[in-house]
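Labels for the chains are A, B, C and D, by order of writing; each one numbers its residues from 1.
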Amino acid sequence: MQQDLNTRRIEAFSDGIFSIAITLLVLEIKVPSADMVQRHGLALSLIYIWPSYLAYIISFATILVIWAHHHWVYSAIKKSDLKLIYWNGLLLLFVTFVPFPTGLLAEYLLHSEAKVATSLYTGTFLAISLSFHGLWRHASANEKLLGSETKNATRITYHYRLAPIFYFASFISSFYSEATGIALCLLSALYFAVGGWPRS
Amino acid sequence: MQQDLNTRRIEAFSDGIFSIAITLLVLEIKVPSADMVQRHGLALSLIYIWPSYLAYIISFATILVIWAHHHWVYSAIKKSDLKLIYWNGLLLLFVTFVPFPTGLLAEYLLHSEAKVATSLYTGTFLAISLSFHGLWRHASANEKLLGSETKNATRITYHYRLAPIFYFASFISSFYSEATGIALCLLSALYFAVGGWPRS
Amino acid sequence: MQQDLNTRRIEAFSDGIFSIAITLLVLEIKVPSADMVQRHGLALSLIYIWPSYLAYIISFATILVIWAHHHWVYSAIKKSDLKLIYWNGLLLLFVTFVPFPTGLLAEYLLHSEAKVATSLYTGTFLAISLSFHGLWRHASANEKLLGSETKNATRITYHYRLAPIFYFASFISSFYSEATGIALCLLSALYFAVGGWPRS
Amino acid sequence: MQQDLNTRRIEAFSDGIFSIAITLLVLEIKVPSADMVQRHGLALSLIYIWPSYLAYIISFATILVIWAHHHWVYSAIKKSDLKLIYWNGLLLLFVTFVPFPTGLLAEYLLHSEAKVATSLYTGTFLAISLSFHGLWRHASANEKLLGSETKNATRITYHYRLAPIFYFASFISSFYSEATGIALCLLSALYFAVGGWPRS
């Protein structure tokens, strides 16, 4: 079984879920209501829903970065076991969940309770980074799962180790200021897209 | 034809459907209405919709487990015939249906008629386990379809044979208590994720 | 270019679209409204929406059959050219359209204007069968596109040639009786799943 | 890392996103409301929503053409680097966005503010063509990324270079006439499907 559920199949299934979750995000951008358009005109209405675009872009960038790191990590993992499958399943559970807090943030960012929406949003990314961390810890602690590219492996540990810290900071700051929480969330995505990338 | 519609292609098509069905589940978690938020605040509203999260998690876990078992079974099946394609098609029909009873359960779990919603929910998983059982019975009764890994095959028969019994119990108990039906459904997913797994 | 856009890639892209279109069908089954449930109870409400289930099953079966035939035809096609890509694109245009007439039929089958909804529904499958026919005519008229399996090819021509006739009958009868139109549509799917299948 | 995130994986991920985005378009065609059907009848209601069909067809054709060109370009690109991944990510961001302006155009094409909806629609395709152009410029300026098929590469540069100009014209004309903007958008898709295709 373990040999059959090899990493190639898990990667293909995960890729499918990543690409669908990232494409479903657009469904959370709602066409402005007839009522809103009558009051403000279509052009202004399209500008007023800017939180939808912001939430769309941050979620898109973050899932894209996670997908890239997922591929990178799996290029070092050569074998799979049950625990790895569960860590991966937990990661996918949170990734497919992303469209919900994205839609929530789009609708409530300009609302008096924006902090609640932002906390769920950043909290989801914190959960993603923690399950990703768990996945990597389990794989790197287990010599049988890794291939011989130990050097690469060490570098991965170093870089992505920071993700839970970044998203924890983003999550905590959401309770005090939605703008800070979202800014940290966007900066984290940019950091792991650029700075957290291995130089081969 | 039979050789052309080989198991690799059926697996790829099935994988696509599994990964889309599992990702569509999140669309059944609805952003709380403006009316509800005005009455209870956003934080409480997000807690009040806990049946959505519960239904999401159980459906996600169950589809993930079915996907893993599907892969496992297909690693033993080497050839395909018409009947196998129909059993697989029936299985996929019920798998793609899952988002509907999931959404129904999310909306009616706290309603006075929760038992009806729970019965449809658990009944869908019963139908999945039965069509999975039919798929396996047909393949294992047919020497031409299986490869030489007969030992593995026997173990698969043993383990997954229990699934229809588990889900039948879950379905029947739904008529008396929604909590019991759902608990059995969740426990079944956990059992087949852990205990029903082959030790190679 | 022609060599690069080979049939393997076209098949993979088409498979993706088939599997997504077939999974989106479930979104057309709407959870019964609170108003309807208050009047009839949840159990009866779930029975009253039987047109949704019927439309779901027929559309699912039809797309599954088209997918199987698409694979079968492409197992005979070895090369691709521009016209083949356009015929395939036209076929995919109609396949991705299926969720719309499916939702329309689900909502208007018990309405006084059911014939209109049924005509669009059966008309969509007529369009699919015609574009499939065009795809095959172009490939079979063009020796360069087919591999050496001419025998198989001839048998395919014979069987699927009937599809546009079947769906034309279904489409025409929809104007007089929605029940006849839908029954013919379902029977056509069954026929091409069983009788229209090559015996190798 | 760069070697691991090879073009095959990027293509598979991009293909997934292209096929999902193209299939989600149909969700923007809404079943006519009960109110509209009561006033005009179902047949007329289905005709009145013709902007939905038009937007669906243009978006479908355009994404299909972009997908074909994406494959064509990637058949010349042999290696990937960070910048290429970002250009590709930007392209995918705009491609997954397409269902939103498509739904907007469907709803507001017959509205007094149709020009606004058309501008966002054509502007999205302008953004797609620009990011596609950026992707190609980066790849073609970088000898390491391209394989030895330089001749093909030169021809690609020539043809697709026109896309941003076409879509810029379409975008600008949208501010003066929605019909012109949309017609140019449709003609561009047709041109790049036929004329912009390499003759090998």
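Quick note on the criterion: a contact is a pair of C-beta atoms (placed from the backbone, for glycine too) under 8 Å apart; a residue touches a chain by one contact, two chains touch by 3 or more.
Quick caveat, the model's predicted, so the values are computed rather than measured.
Q: Can you give the rotation angle that fits chain A onto its twin chain D by Cα atoms, in degrees and rounded to the nearest 5?
A: So the angle, rounded to a multiple of 5, is 90 degrees.
Q: What chain is the most remote from chain A, judged by the mean position of CA atoms in each chain?
A: C
Q: Same residues or different residues: which describes how chain B and chain C meet, taking over half shared numbers as same?
A: different
Q: Could you grab the centroid distance between chain A and chain B? Build each centroid from C-alpha atoms only and quote it in angstrom.
A: It comes to 25 Å between the two C-alpha centres.
Q: Report the inter-chain centroid distance for chain B and chain D in whole angstrom, where each centroid is the mean of the CA atoms.
A: Chain centroid spacing, chain B to chain D, equals 36 Å.
Q: Among all residues of chain D, which ones touch two or more of the remaining chains?
A: Within chain D, residues 16, 20, 24, 27 contact more than one other chain.
Q: Which of line, ring, star, complete and other names the graph you get from chains that touch?
A: Its topology is that of a ring.
Q: Quick one: in the complex, what on chain D touches chain A?
A: 1-5, 9, 12-13, 16-17, 20-21, 24, 27, 82, 85-86, 89, 92-93, 96-100, 103-104, 107-108, 111, 113, 116-117, 120
Q: Residue numbers of chain A touching chain D in their complex, please.
A: 15-16, 18-20, 22-27, 29, 31, 37, 41-43, 46, 56-57, 60-61, 64, 67-68, 71-72, 75, 152, 193-194, 197-198, 200
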